[in-house]
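In what comes next, chain A is part of two complexes: it sits with chain B in the first one and with chain C in the second one.
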Partner chain A sequence: MAITKEQLDAILEKYPAKVAKSRKKHILIKDASQESQIIEANTRTVPGIMTNRGCAYAGCKGVVVGPLKDMIHIVHGPVGCGYYAWGTRRNKAKSEDPTKNFLNYCVSTDMQESDIVFGGEKKLAKVIDEVVETFHPNAISISATCPVGLIGDDINAVARAAQKRHGIPILAFNCEGYKGVSQSAGHHIANNILLDKVIGAGEQEAAPAKFAINILGEYNIGGDGWEIKRTLEEIGYHIVTVMTGDGSYEELKNAHVAELNLVQCHRSINYIAEMLEIKYGTPWLKVNFIGIQSMIETLRNMAIYFNDEALTKKTEEVIARELARIEPVIEQYKKVCNGKTAFCFVGGSRGHHYQGLFAELGIDTVLAGYEFAHRDDYEGRQVLPDIKPDADSKNIPELHVEADEGRFRLKMSPERLEALKKEIPLSNYAGMNIDMAEGKIIVDDINQYETDELIKLLKPDIFASGIKDKYVVQKMGIPAKQLHSYDYSGPYAGFNGAVNFARDVSMGFSSPTWNYIVPPWKNQPLLIGTVTEEGVA
Partner chain B sequence: MLDCTPKEMKPRLSGGLINPAKTCQPIGAMYAALGIHRCLPHSHGSQGCCSYHRMHLTRHFRDPVMATTSSFTEGSSVFGGGANLKTAIKNIFQVYSPDVIAIHTTCLSETIGDDIPSLIQSAEIPEGKLVIHTNTPSYQGSHITGFSNMTKSMVKYLAQASTTVKKDQVNIIPGFVNPGDMREIKRLLKAMNIESILFPDTSGVVDSPMTGEFNMYPAGGTTIEQLKDTGNSKLTIALGRFASSDAAELLSSKCKVPALALKTPIGIKASDAFLMALRGSFAQEVPAEIEEERGQLVDIMTDTHFHFHGKRVAIFGDPDIVTGLTEFVLSLGMAPVHILTGTPGGAIGSAVGSFEEDINGMLLEANLTANVKAGGDLFTLHQWIKNQPVDLLIGTTYGKYIARAEDIPFVRAGFPVLDRSVHSYMPLVGYRGAMRLIEMISGALLDRADRDAADEDFELVM
Partner chain C sequence: MMENEMKSCRNVNENPCNMCMPMGGIIALKGIAGSMVVLHGSQGCSTYMRRHIAEHFNEPVDVGSSSLNEKGTIYGGAKNLEQALDNVRRVYNPHVIGILTTCLAETIGEDVERFADEYKQKNGLQDFPLVTAPTPGYGQSHDEGYWFTAKRILVCLTETAPKHDRLNIVIPHISPADIREIKRILGLMNIEYTLFPDISDTLDRPHERPYTKMTSNGTALADIKTMSGAAATIQMGVTVEDSFSPGKYLKDTFGVPLYRVPLPIGMAGTDQFMETLQEITGQPMPASLAQERGRLLDGMIDSHKYNFQGRGMIFGEPELVYSITKTCLENGLHPVVAATGSRNARLGELLQPSIADGGEKIHILSETDFCHIKNYGEEAGANIAIGHSGGRYLEERAGIPLVRVGFPIHDRVGGQRLLSVGYTGTMLLLDRITNTLLENKHKSYRKKMFEQFYQAAN
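For the complex of A and B:
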């Protein structure tokens, strides 16, 4: 199933000329005969075109910083921004000391008109004082919302003064919603501060156990991180910290001691991964915990990196045992899913990550894309030198890092590192496009109109996206699977996650509820019978 | 669960909120705009605002919520959002063809000071299409204020007094309620045989049926013609002072349509007041079928009063809804102990609204006292409950954390309800809404009694 260039042009024709010109560059039909297919990404959404994208604040506080559980996260602004990012993302967390888990709390400075006119710094300082007195958090974050930057509140100065007053770290994030072109800007802003102010602040000089790793870009949605941990810890890995699902300030500050950084969501956390390598000499491995084969490949790549006989043996044991356990279960669900097609449009990494799992269930991903990714997430990191900074990306500061004199340590000889890079995706991500088959559609920042048109053309059996699309698609009689919130299910990562996903997707196909859409009277004339001499029979 | 909330209450003077009981204006404006037929709400601000509002409304209604954004960047924040808005208007009409675009502002565009009316004037608007706007600075009021402002703008832009004699019809402004409530209000009006214009009317928009086809502009919503005709009605009834009074007052001054402000008709007293107002203004007798419903409600109330009498209740949510709920639990013989809304402006002594005064008046009549607060947050409510426990909590989904922490039976009512379905299709208003409330309250209280009963005390009949 594919669409032709002509069909694509027909869709674009409805747009005003300027919009058509812009959108054309965001849509590809995979053509393997071309050496590289350039896609435009991380550029402005045209105003008025119904995008799924959010803002820098959402990417910073909502995605990267918010899950850190032992911190109080103060949102400096009018009430809405704090309110919407409160409890809505399913980044689960538990603490041994429940009085040090603040994820069910939402703190907003609730700026009023007078704060906009006269400045909100004093109010922010008072809120910090109250929060410290009430909650005694390990650390505090302050996230700026749109008006804060406009009126010129210096949240960094407020944070510095409060840090001095209270003796706990207070981090300021200048993540005003208008920065950049999507959530992506906020990821970058968050990454910079966490690397600059948190990672390395701990006292540890070496990992407390062998095979010490960090998991980056894993947010524990629906408990994903816990399922991943289950397997990794059984194999023998020591997880220093997870960034940032179920993560904490206390753990994060010692992240520098890890021997390897795993990168799950490349888009939201690759900056930290890259900077950790420069600063501490820790390479990063692109992993994918979604899907059985990806999970297995990830575990094997990790074992190759650590090159330890016992670890490799245990890895294979666990893989064999888990496969034997879950394959028969998956097989049942595969019967329901086989031969179906999917659209997979999610975030900045999941649009890629889930394709393998869909394929394992016999579902062909005919269209995929990201909401806020950059070109490297599509085309691979080799395009990074070709991406020219524009007015929007220039507004996000690039953090300049250097090797930490005391703590930089090569984890292996440069020769072995180079050799490994040929074998496993070490400090590299090849992007999504390479995994898409000929003729498949790749769309960046898809919008409501294109979704509607492409569904009519390609008639997918399932649509994987988010809450704003979900009911639009379901009104067409097509099951929609939220891959941001997992429709309140999960975990979907790891071996058990694959089973959960297979179960939930099958449920979408086999639910009897879809059978009742057409009322019985729609297909039957009002009067059935024959007119005889005696009347109607 | 909420283990970090101390029982000891210390004064919090910063003005910050911990666990808010309100959100910002724009979402209310977006919801109100969805109640105009073939209208596309437009958020003039950063993309995140529009995304968050659509998400939240979609989660509550489990139905498509269509809206667009001006997609501000840093450049537009410095140089103003005019170019973005004009581009947006052009694109929206060409790609999504609504009949009307309803623009609301955000804290960003308000802080910059974008002058929306003059931007609309210079925008390309196709023949026969409309663009209206309202100002919704997020740093004032709450989502209820935003709903009120957009509703007021409908009057400002559209209502016309075009007839010399007022028509024998009533305008009803239902306030920030569910489509299920709006349908119930329309049903009552039909039963009373009174011509009416309900606006905004989100029924048929965010509770649209499954047909196998997606329709960007479903059948529901108040039409532009109806909105224009509101200026010719002989009366406007504003249900809920916070969400509806401003628009009614504007209709009165602009088109000389008298305005009557009533409580949201939740519970028997407010429903009676609503019907009596209609009866008195239109000389229409309350029909037997409605009188029968009322009789059924009173029958249930008297039959089961012992389930409710003297039970201590905490109620929070939007001011109009909380006022109605408080009045109803009082008529059941319950004892409200903590009453809180996040929407500011209703505090005693403030220039607008009278939330605290209204509630205290009702309590006084029942010889009760309670903690009553406008502009409060759920941290305060939780601390109140820790100090003075209750038998029942009524409020939005956000209350579930307090209910769990303190092990209190919980009834979901108001906006938003994010963790249960069907609620938006069903009314809380009118006699049938009151019956539904009784069913929900008794279900919560008696399920708890059953759960907690010792085997020997476990009863078949209750």
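For the complex of A and C:
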């Protein structure tokens, strides 16, 4: 099913003219006859539109830094920001030493009016002292929320002094929520500090085992990372660190020894991937652990990179065995799912990653998009030179890295590297658009109103998104699948994850509950008036 | 004996027990029919609060944001806020808009009241109900945010009105089920009322066809306008500071007599509400409610042996903590900790008389966090926790089972359906508490008996 330009215009017409003009640039109807379709992304959110986007702090502390389990993450700011981010991402972690797993804690400086007036540096310093005394963490992070930057607290100075006092690394993140236009700014800020202050701080000079890799942009939501590790370790890979799901400061500091970096979520971690290549000569491979075919392709690409006969053989063995095991199970679910359609609007990479898995189940993705992605996540990295920095992106400091004299090491000859790049997505991401079928819709930063209208037009059978839109969608009579928190389920990555996902999605379709609900379009004309008329008239 | 430990000497807030001011403001505004809320500040706050509220109520929670960014922090945010209002009006066609501020807007000194006047002027919207409430997150907790915003709604919308017979029923932040129960009781008493603010439908909507973004339920604007002419205000809010009190405002400004009562939770608490209703209206208590009262009493007697073994730690919003603590006391369940993350002096003052007569110590904690609640509770041998889901860590780390009540409840479904008010609601709450004590006891019963009598004897 597709929609026409006219239908799209009719939706946008409800906006004030300026807003309509701006939103139009964020929506594409896939047209393969055009050489490149430009989408506007990573620009300011229209005020008052129910966006799903969050803030830089959410991207920094909430996404990238927060999962590091052996650190205490201090939120420097008023209590709300800390509370709302408490345990809300289901990034799981287990530790050999249970006294060094602090993921369940929410630690805030709880700034009061007087701190806003007189500054919060002293309080922050005392909080660090208390935290060290109580928890003895391996390291500490300080994330600044909005007021901190405005009142001019120098959290870097506080961190430096505290680091001297306590002899453990204390990292300061200036990720005030007003920076940039979404979570994305926070990813970048987090990437910079982790690369600058953590990676390379370890003493290892070489990996302790063969086929050493890092997994970047994998956050172990619902145990995804554990399922991925299960397969990779069986094949023979040595995982140095995962950034950052179930990750730790202790592991991350030696990430420089890996032979290859795998990039799962391109949006949140590509900065580190790029900088690691410059600094240590480690190439990165765009992978996708979601979906059976993507998983297989990922494993084969990795084998191609390492070019080792035994490894390749083992890869194929594992693939064959896993396929034989899970295919019959998935087959059952396919019967339920086949012929259905989906909206897939999530974050900065899942909007793309899940499409293959949907397709394997026979579900057609008719609309997809990201909340906080950049143009390269849609159009591919080749557009990077065309993206002009604007006032918002200029506010995020760029870290300039150079090759590390002692540790930079080419992992293969430049010739082989170039040849490989033609074969596998090495240091490249082709983006989502290329995988979208003709006539399908791509929406950047979709909001509540557009969601409602597009649902009425396209009538998807399932909507994969987050908790804020979940309940509206369900009120409209459509099953929703939370792809941020997995509705307390998971893992969805890897081979077993695909089975879990198929089961959960099938459940969405076949639960008898839905028999009591007839979606509106089954017996009513589409588009019941305009939104304005739907208000409390 | 009582101890009123106020602010702790630590600086760190380890696992907070309270949320920030605009969060409470959103809840209050959601109780007004046809309302939309815009948070003036950076968008992260509103996104976080939307998901925070949605996860509790399992409902869509639309809250706009002026999406201020770095530039706005330098040049002021009026332009963004203006756009936000334009877009919200256009897409949602609300009948009331509430503007709340966040830390960011307050830190840069935004004057939303002046902005609102100018906006109305500029757009020819002189009569449009626009409510403004400065609610810096660092100012107070979500509890004060709720009360303050409720008061601001009255300040902005209530007009002088002719006297009428309706009662104003001003309620704290309680569950939709509780609100419906209060309405049922008022209905049984044949009382005409304006219940304010009323989230019973807006945040707990039935599945309906077709789905509309807005519902006509919630406290009606017309009723809010005339709360000034009511026969009296009953405010279920004894812990509320005068400066935030909606009832006090109606009394001082329009001379509406004010009756402050606690939430009708517990025997004495519900009795007090019923007596107040009877006193104001002269209506007797209907027989059916008298029967409910009798059943509660009967149930309390049946459960007293079990409840008497309970040692509770109670935490959450001050009003709820007060009423539940009193309920525990009337059932012989000793509250070893009564705690709130909010800065509230009244909670301690109010609990004082009921525990001054030589009973065991109660730690009354204000502006506290779960770290302290846990430490005090464990030390005093607590065996049950009563409060919102932030306390799940007490369960996980200290093995103290949690009876979920209040807001937020994120790790279970049905927070919006928890009924705890009135005689019947009290009975349900008490059963949840008693059964938790029983369940916990049975879990370890055999093992304990074995250790105590068998192992000890051998």
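Following the convention adopted for this analysis, the second predicted complex is superposed on the first by the 516 of 537 C-alpha atoms of A that agree within 3 Å, B and C clash if a C-alpha of one lies under 4 Å from a C-alpha of the other, contacts with A are read in each partner's own complex, and residues count from 1 in each chain.
Everything below uses one rule, namely that contacts are C-beta pairs under 8 Å (C-beta built on N, C-alpha and C of every residue); 3 or more make two chains touch, one makes a residue touch a chain.
Quantities reported herein were computed from a predicted structural model and do not represent experimental measurements.
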item	value
Clash or fit, chain B versus chain C on superposed chain A	clash
Chain B versus chain C as contact partner of A:F102, first or second or both or neither	first
Contacts of A:G80 with chain B and chain C, given as first, second, both or neither	both
First, second, both or neither for A:F509, with chain B first and chain C second	neither
Which of chain B and chain C A:Y57 touches, first, second, both or neither	both
Partner chain in contact with A:M476 - chain B first, chain C second, else both or neither	both
Common interface positions of chain A, toward chain B and toward chain C	14-16, 19, 44-58, 74, 77-86, 88, 104-113, 115-116, 123, 126-127, 130-131, 134, 145-147, 149-151, 177-181, 391-392, 395, 448-449, 452, 466-468, 470-472, 475-477, 517-518
Sites on chain C touched by chain A in the complex	10-16, 18-23, 33-34, 38, 41-45, 47-52, 54-55, 58-73, 80-81, 83-88, 90-95, 102-104, 107-108, 136-139, 141-142, 205, 207-216, 341, 390, 393, 396
Residues of chain A touching chain C in the complex	14-16, 19, 44-58, 74, 77-86, 88, 104-113, 115-116, 123, 126-127, 130-131, 134, 145-147, 149-151, 177-181, 391-392, 395, 448-449, 452, 466-472, 475-477, 517-518, 520, 524, 528, 531-532, 534-537
Chain A contact footprint on chain B (complex, rising order)	1-4, 6, 10, 12-20, 22-24, 26-27, 42, 45-49, 51-56, 58-59, 62-77, 84-85, 87-92, 94-96, 106-108, 111-112, 137-140, 142, 208, 210-216, 379, 401
Complex contact set, residues of chain A against chain B	14-16, 19, 44-58, 74, 77-86, 88, 98-99, 101-102, 104-113, 115-116, 123, 126-127, 129-131, 133-135, 145-147, 149-151, 176-183, 391-392, 395, 448-449, 452, 466-468, 470-477, 517-518
